[in-house]
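Pasting a structure here, questions to come.
Letters A, B, C and D mark the chains as written, and numbering starts fresh at 1 in each.
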Amino acid sequence: MDPITELLAEVLEEIRPRDAGAPADYIPELASADPDLLAFSVVGPRGRVRSVGDDHAEFTIQSISKPFVLALALAEKGRDAVLGRVGAEPSGEPFNAISLEPVTGRPANPMINAGAIATSALIPGDDVDDRTARIVDMLSAFAGRSLWVDEAVYASESLTGERNRALAHLLKSHAVIDGPVDVAVETYFRQCSLLVTVRDLAVMAATLAFGGVNPVTGRRVVDERVARDVLSIMSSCGMYDYSGEWLLRVGLPAKSGVSGGLMAVAPSQFGVAAFSPRLDTHGNSVRAVALVEEASERFGMHLLEPHESVASPALSLHGDDTARVVRLGGELGYAGAERIVAILRDVAGGLPEDVPVTVDARELGRTHPGALVALRSEFEDLPNWIWLSE
Amino acid sequence: MDPITELLAEVLEEIRPRDAGAPADYIPELASADPDLLAFSVVGPRGRVRSVGDDHAEFTIQSISKPFVLALALAEKGRDAVLGRVGAEPSGEPFNAISLEPVTGRPANPMINAGAIATSALIPGDDVDDRTARIVDMLSAFAGRSLWVDEAVYASESLTGERNRALAHLLKSHAVIDGPVDVAVETYFRQCSLLVTVRDLAVMAATLAFGGVNPVTGRRVVDERVARDVLSIMSSCGMYDYSGEWLLRVGLPAKSGVSGGLMAVAPSQFGVAAFSPRLDTHGNSVRAVALVEEASERFGMHLLEPHESVASPALSLHGDDTARVVRLGGELGYAGAERIVAILRDVAGGLPEDVPVTVDARELGRTHPGALVALRSEFEDLPNWIWLSE
Amino acid sequence: MDPITELLAEVLEEIRPRDAGAPADYIPELASADPDLLAFSVVGPRGRVRSVGDDHAEFTIQSISKPFVLALALAEKGRDAVLGRVGAEPSGEPFNAISLEPVTGRPANPMINAGAIATSALIPGDDVDDRTARIVDMLSAFAGRSLWVDEAVYASESLTGERNRALAHLLKSHAVIDGPVDVAVETYFRQCSLLVTVRDLAVMAATLAFGGVNPVTGRRVVDERVARDVLSIMSSCGMYDYSGEWLLRVGLPAKSGVSGGLMAVAPSQFGVAAFSPRLDTHGNSVRAVALVEEASERFGMHLLEPHESVASPALSLHGDDTARVVRLGGELGYAGAERIVAILRDVAGGLPEDVPVTVDARELGRTHPGALVALRSEFEDLPNWIWLSE
Amino acid sequence: MDPITELLAEVLEEIRPRDAGAPADYIPELASADPDLLAFSVVGPRGRVRSVGDDHAEFTIQSISKPFVLALALAEKGRDAVLGRVGAEPSGEPFNAISLEPVTGRPANPMINAGAIATSALIPGDDVDDRTARIVDMLSAFAGRSLWVDEAVYASESLTGERNRALAHLLKSHAVIDGPVDVAVETYFRQCSLLVTVRDLAVMAATLAFGGVNPVTGRRVVDERVARDVLSIMSSCGMYDYSGEWLLRVGLPAKSGVSGGLMAVAPSQFGVAAFSPRLDTHGNSVRAVALVEEASERFGMHLLEPHESVASPALSLHGDDTARVVRLGGELGYAGAERIVAILRDVAGGLPEDVPVTVDARELGRTHPGALVALRSEFEDLPNWIWLSE
């Protein structure tokens, strides 16, 4: 067992004894879930999936489908069209709150049920099956394997889903959804009934973490801007009326589901997922929340933790007083450019004017083009400076 | 003019023609502001203050004082004590909404007026002057210079501040504030009446961006965790009922004030501030919002933009087949450790077993201790590997 | 033309020039109503129907059906069963507000749409036709003639009624309605589409005014307690978020409909109705409101106007010093008994002890039995008093 | 003991055993009330005060002062001026709800605290003492004796009244109150601290019941229209968020207070009051509510009970075939006129044309002038009819 997996296992055992909360009970299929199931998984930048506990237990994805269907809607329709039908504001209200804007009838955001139904209704398709197929394809691409609908759960959701049906009719009354109400609602029930494991959720989270590229399959699923938009909305609205405190304590865009799953994203670092069926009063899994909170603390993943590297690209100096080579590495943004300028000024100041200086930027990774121009412009009138870049 | 300042000036001129909105008019001092004033400033990691436009125009800080007084309260009382009196949830409501929790009377968050008054009331002190002095000291430390109260604005705020007085009495009725209501409210009015320039705000923002260290004075103002907490709450609640859409579009923790100021934080990269008195219906400065939005786009500062460097510490290979040296640089977290493990495995695989490999980690910057342990543990049973670290 | 009809005509012409407001436009059938139509009708205790203006114009009853379907539900199920499904509190909100109680999901009252749908769903019946038939029978009994559904309006209501459908699904989700949602909603749309004239509405109102007996047909439609309950709820909730001000200004239980009808009840005095299609922002007919308000003022119908007669039964003295006869008439309640006791004491005091006094109560109308006992008990020990009662 | 007092005593003993609820505890003076105190009183049209139980126990009037201060404001300023500052709509919310209209800041109605403070602030006066004096004078006139402030309760109310102070500052911020906030609030605290007995409250209620004339002192306290307006607002808003159900079940304009008092008005019949300190969750006295509810049922006082007499003035026929005298008595409104017309037509039809008929209307009590004109006009062309009226 590698050190990261060991750490996951350690956290898992620490959290395991907690037994507060109860599984969701609005449909028999959720109420009968084994409340002791517990699983935790992390996927890093190279696509290695680490998991501990009941990591092969399947459960329905429920509300965790919302960010991925949002990704599909953004990819298909564009941000403006999506925002025309659903807002991006936290409502400070529970998942099943009505929360429609007074005049337009736009739901507050795509993470509450009303907004998720509005989002789902944006997916093109002739009928429920056609729309569901597109959604399943998208979520399968995020997961890196084909996902399946649990038909028994779907049937129960459909049988008891009067509140969601009500929300859909309200949306229809405001012309927020276009087609038949039934198609919108049944598609939504099917997307919620997709079966996943904690490992699937971690891979799906990682795909958002790495700008839309699934780190396991290497396939680009959505473009970087779509991934960024989804993460933004998860940050402000993903944990319902606990979103603000979650961002304060844990600092990760996240989404929970009523079957006990929880997915969190440490951008550019990790996809994280946890699973345990017992829920708290916000509808979030008690132990999954604790697992992710603990992991965020131990792994230092809080989004608002300062990251020195963002402003500090690597730089190494080579050569001697007759010829200098400065090698740049890592990522270069504006803040990093400012740091490098200061160091290069030191270099320049300590050398006779005619000593040639080569700045080798060919090993730079992700580079902001303006930042590189800004960096070069500071030295471009020095005749003996040579810039190497691709 | 350096390239970054040039870029600021370019953006400034692009935004200048917009003339929508109007200055706040609830007190004469704000209503009489010159609506054409326009300024923009950015402070980077080395404390260089760049600014364009009316960068020496003074205005009252108003609601932008809220995150800094929150920082003081967190520093003085600790997070739990502060959260006992004020929540961390966006309310989806305007700045002057009442938004108290039903039973406890806790205001939704410290960025709305009710929450800011509750926060201000946590600052110790015998009377208004004593409390104000502590607040002024803290904000001055953030700004790197002594700030002053505009007494005329303070007098007007106090004269007309019936709604804030009402909020304070409500808080008192719920025992959310302890001392006399008048002391709480007058202290709050004084903190709102501090005079700043756009350059001050950019330095203050930068102090939050760099983990609580003022990059101009080099002085630590608050500890890193306090800065992180403040940024978390600014992210979810800083722009009132536009907070979600702001996070989506601009992606920076930010705070606006009714006098037309706006401060945004790109963690580890920049403090940013803009100023223009004309406000939109959310109470945010029309042109200041546009300046920061444009800058975020051009400088690539969105918080949820993937940053490769976070997961990619710099690494350089030296030596030959008889002896290898691997130099690590930049920042090392878990995700970075995973990347380095993969590269080191390649190195190890390509060398005869007895060739000594020296891994020089002494140049690593900010390093997660667990990540370094995890990294070393992968290779510690290889007898010919030597680890150099501080 | 009799004096009351003359007065109605005079008021009608006074109000006619007002042209504020516009007909409802959510379905074409209402939008195309002739906005100049104007009618007014009053029905008194002997069933004489007086009317002026376009008193034969038919329009759909819309929300004015609500109190009559409530009467049917009360008659069929009893007050407790009805209150188990719908409250009796004004919500201070518009007609289409959601206004469900937090936990039970009970709509606030039967006069808003959600409550009316819940009430309609209590009517027994196998299907939409069966339920509609019972409702039509009841409303026809109130009107004293067979009413018909306007099928074109019904079809339009059904086509566009997404908000009402949403309300019904919400009610279903709280188990406030039992059967299929579609049956509940379509029955409700049909009840709203019944065609009436202003004369019908005045007769229906009069049937409520006279304790459930239709004064035209002489037939008891519902019992007195049902009529009282319906009037109570109309008093507090009948004019939506204008109910309180209406009770203040006009002082009559009333109900308005979106097609421009308005019905008001002066208990024991009159049924009143008015019709004019142009609506104000509360959804009440501008001119119908003005007609009823003016009539209430001129006819002295305000419910909280003091009515001396309530406390003053008629009493006449006959005979001379050798034998006295006291004849009682009118209505006798406790307050009246108190007045009569005082007068009879005067009579007793002014007569020699052995003069016989006959109190003839046989002409008393509606008499509270306890009040008569209380009255007699004051004099029962006087040997020369004789009581005649039926 | 007279029969009505016996009935009161019987009801009192029936209700006495109920021990649910608890006295208000927000100030020590209320918390220490003897929870077993129980009293009941009724005042009829001739001013006889009947009472049973602890009818001399004094308690502070609290919210029951609201309708009387409203009466004073209406008398001093007129209805329009009062409605400019406070609405007349039930809010469906508890007594201490904020319930201000969005833009104007008008409180929903004068029976909730915010509205009562706004109403109290309309009373002219130089300072708290001056305004309080006017209020005490008015309430004393309603009670028929000089009332006194309980200074200990006042001091406690003032000490703990932060929520009411908050409401007053909110009102000030909307310019709903004009003078200093402190004067408004302290005046309000003093009006709530007036000491009354259950007998006082019954007399005060009776003064409203009989159109503004105190039936004990015979003094007119306010004019009839003011009394009607106050009763209208009590009907829709007097019992907070139980007002609608109260009107349904009990059918009397009423007002309750937190010290356990309850006052109800049966217009033209009775003033009723009850007292018992234990409160339910709406803040209404458990046993006082039960007493009044039971009394309304037994005495037949429900406002929407049909009252035949309203439409049936007394009429007696005298004389023979050579000369007829018709004597009218009781009250004459339009509905009564219609009934009499029918009877007179019978009389006219049964007599030879030349027999003189004298209609003696001199004994009519309260008469609607239009109704008498309408009545006469039916017969004025008959040459042998003689009308006698004052």
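In the analysis below, a contact is a pair of C-beta atoms (placed from the backbone, for glycine too) under 8 Å apart; a residue touches a chain by one contact, two chains touch by 3 or more.
In UniProt terms the chains read A, B, C, D = Glutaminase.
Bear in mind that the values here come from a model prediction, so they are computed numbers and not experimental data.
Colleague: Provide the labels of all chains in contact with chain A (Glutaminase) and in contact with chain C (Glutaminase).
Modeller: Both-contact set = empty.
Colleague: Determine, using the mean of C-alpha atoms as each chain's centre, which chain is farthest from chain C (Glutaminase).
Modeller: So the chain farthest away from chain C (Glutaminase) turns out to be B.
Colleague: Using CA atom averages as chain centres, what separation in Å is found between chain A (Glutaminase) and chain D (Glutaminase)?
Modeller: Whole-Å distance between the two chain centres: 63.
Colleague: Quick one: report the Å distance separating chain A (Glutaminase) from chain B (Glutaminase), using the average Cα coordinate of each chain.
Modeller: One centre to the other, that is 22 Å.
Colleague: Compute the distance, rounded to whole Å, between the mean C-alpha positions of chain B (Glutaminase) and chain D (Glutaminase).
Modeller: Here chain B (Glutaminase) and chain D (Glutaminase) have centroids separated by 59 Å.
Colleague: Please output the residue numbers of chain B (Glutaminase) that touch at least 2 other chains, ranges allowed.
Modeller: Where chain B (Glutaminase) is concerned, no single residue meets two or more other chains.
Colleague: Which pairs of chains touch each other in this structure?
Modeller: Contact pairs between chains: A-B, A-C, B-D, C-D.
Colleague: Of all residues in chain C (Glutaminase), which touch chain A (Glutaminase) in the complex?
Modeller: Per the stated touch rule, the residues are 98, 162-163, 165-170, 172-173, 181.
Colleague: How about chain B (Glutaminase): which of its residues touch chain A (Glutaminase) in the complex?
Modeller: Chain B (Glutaminase) reaches chain A (Glutaminase) through residues 2-4, 7, 44-46, 48, 83, 87-93, 99, 108-109, 209-211, 224, 227-229, 231-233, 235-237, 241-245, 247-248, 251, 253, 266-270, 298-316, 327, 329-331, 333-335, 338-339, 342, 365-366, 368, 370-371, 373-374, 377-378.
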